[in-house]
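Have a look at these structures, which come just after this line.
In the two assemblies presented below, chain A is common to both, partnered first by chain B and then by chain C.
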Partner chain A sequence: MSSRRKSRLKRAGKKELVAAEIVDALSKDELLATHLDWEPERLQALRELLDAKEPWPEHWHWDWSKKAGLLDFMAYRCMGIECEGRMQGLLMASTIARSSRVGPTGKAVLYVEYIESAPWNLKDLVDEPKFSGVGIALLEAAIELSEEEGFGGRIGLHSLPQSEAFYRKYMTDLGPDPNHQGLHYFEMSAEQARLFLEGRK
Partner chain B sequence: MKVVRMSDELFLKRAAEEDGCMISAVGLQPLHAKKAEPVQQAGEPVRFAFSTLISYRRRALRMTMEDVAQKAKVELDELLEIEENSSYIPEVRTVHRLADLLKLPIPQLLVLSGNAKAATAELTEAAVRFAARSRAVEKLNPEQSDALNEFVKVLVEQKEKEAKKK
Partner chain C sequence: MAVETTKRTMTLNLTDAEMQVLEALSAQKDLSKTAVIRQALRLYQLVDHRLASGEKLFFEDEAKRQKELMMI
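Let's turn to the complex of A and B:
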């Protein structure tokens, strides 16, 4: 059963924090309900991109039923960030220990299988995004989960090309991974996690 | 590391840096991407069970990845692939070496690794059950140890049954 804890987002274009909640351990139904909520705005944006002959964002082709199916396994955990009554972003992580590819091997990392922001928060898709900080709040939640699982705040993920600049700010880019269609693999060490949460002092 | 909640001031700064950009990261395979070679024998939960079994068994025997790589004469990179990438199919020779070192029955491990076809549905069912129960932390907890022991028991029983048939 899902649980909630306080978080926040930034109203896009303003220096205003808005109360939000991390909804942890989302069920299959909650994941699919989010998909249904996002779908009309995805389709609308897709139509507009098609009309403008713009390329489509790659991540819109993910197989939702496959993602939902992973929640049958205890090792997968899905969480979202809800604000003003709608889910603003989703994250799915695998708690199967994966070895860090940075420094000495053997240190476990939490692997983020999937992370995505709602379509109305992306400036490539809408003229006026609603919220900023979805990725920040979800990374913060992932670090917390990593700590809870005994991985010391370490996380790893494969970024889509258009998101690499975002992850490069906080994580180590370990370059293209031939086993994931050449997507760049990023890792956040325990020290990088601390810096991410506390900033440089 | 003790998790500290990010201050609101820092959150505002970081959120401004994010500024509506794409944050998508995906370990799952996109539908339009070139598909990996199909796993001919073992389905996804079974392959997942194989990766998890190797990882749990190694940790239950208190061995590091380096220990296993060295003793089984398997490249460390390949061992990483085996434990972390459930679509990776190791060579038969590698499976034999791991089975010897980790004291697991070879025929069943070949099935789980995608190198052979399962003779019965029992092994597949046990693998799916094991995959569903697996949840890893650094040290195996009692529940994980139970899951591992039960699964290894099924593997050994399968091997014995097949030996009796022959």
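Let's turn to the complex of A and C:
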């Protein structure tokens, strides 16, 4: 199985589509290299927000180097989207199936633990992001992983409040989860996944 | 280098009872039998590691206010 496949991103502010690649099973080394690449720009952007007395994004404390240990286990899979030589976004999924709550219940669902764009692509961090479409490309990759795992494209995740509107476009909002800091739980059924992938063609 | 994900084939010998459980889980979860076995392996690896690290595994029933320690 190939570890890379074609994807695309949009140069932010322009309509230009740019070729990108999904790296579908990142190693610990690759994840740590991405963390090292992102961290200086993230810290610089946070410092500028602090100086400007602007609020920090809700996930400012995420540290991918601390998640690298999860890749010692088959239960986790990390994917990235690479474009112009740099990782533009990361996604960590649990491949231990959760049970579906949308559509037929009790079916296998791929759970997305974390999903994040590179700091230079985040509107909350920079005035002019470099690429847009990172989240949607990674969501597509998660659906493809779900299919590959035999989960029928079903995916689930807990969303930070800042991202709820984005996920509500494609997934079913099952409301706040008291067992997950009150974050809303979103699920995409097999049918929603099929429609999503059709829309990406 | 990305993680190696090449698959290898093996033969699995199961009793009738084990096969029935496998088939039931396969139908219930809408997964192939291979996918069910993979799930079991992933879960086992994770749970075994955490238990070996000194953690405990509990099942909790909030409605009944019960917590049961799983002895594995």
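The criterion applied here is as follows: the second predicted complex is superposed on the first by the 191 of 201 C-alpha atoms of A that agree within 3 Å, B and C clash if a C-alpha of one lies under 4 Å from a C-alpha of the other, contacts with A are read in each partner's own complex, and residues count from 1 in each chain.
The rule is short, and it goes like this: contacts are C-beta pairs under 8 Å (C-beta built on N, C-alpha and C of every residue); 3 or more make two chains touch, one makes a residue touch a chain.
Remember, it's a predicted structure, so these values are computed and weren't measured experimentally.
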**Prompt:** Of the two partner chains, chain B (first) and chain C (second), which one does A:142 touch, if any: first, second, both, or neither?
**Reply:** neither
For A:110, using the defined touch cut-off, is the partner it touches chain B, chain C, both, or neither? Pick first, second, both or neither. neither
Item to complete: Check whether A:150 is in contact with chain B, with chain C, with both or with neither, and answer first, second, both or neither.
Response: both
Message: Which partner chains sit in contact with A:23 here, chain B, chain C, both or neither? Use first/second/both/neither.
response: second
Let me test your reading of the model: by the given contact rule, A:67 touches which partner, first (chain B), second (chain C), both or neither? first
Using the touch definition from the top, say if A:96 reaches chain B (first), chain C (second), both or neither.
-> both
Key: First (chain B), second (chain C), both or neither touched by A:81   = neither
Between chain B and chain C, the one with more contact residues on chain A is chain B
Figure out whether A:45 sits in contact with chain B (first) or chain C (second), or with both, or with neither.
-> neither
| message | Just checking: does A:162 make contact with chain B only, chain C only, both, or neither of them? Give me first, second, both or neither. | response | first
Going through chain A, the residues touched by chain B and also by chain C turn out to be 72-75, 95-97, 99, 106, 108, 149-152
Listed in rising order, the residues of chain A that touch chain B in the complex are 8-10, 12, 15, 17, 57-59, 61-63, 66-67, 70, 72-75, 89, 94-99, 101, 105-106, 108, 111-117, 121-124, 129, 132-138, 140, 143-144, 147, 149-153, 157-160, 162-163, 165-167, 169, 179-181, 183, 186, 190, 193-194, 196-199
Touching chain A in the complex, chain C uses residues 1-7, 28-32, 34-35, 38-39, 41-43, 45-46, 49
As the complex stands, chain A meets chain C at residues 1, 3-4, 23-27, 29-30, 71-75, 77, 95-97, 99, 104, 106-108, 149-152
Touching chain A in the complex, chain B uses residues 1-8, 10-34, 45, 48, 51-52, 55, 64-66, 76, 80-81, 83-85, 87-88, 131-139
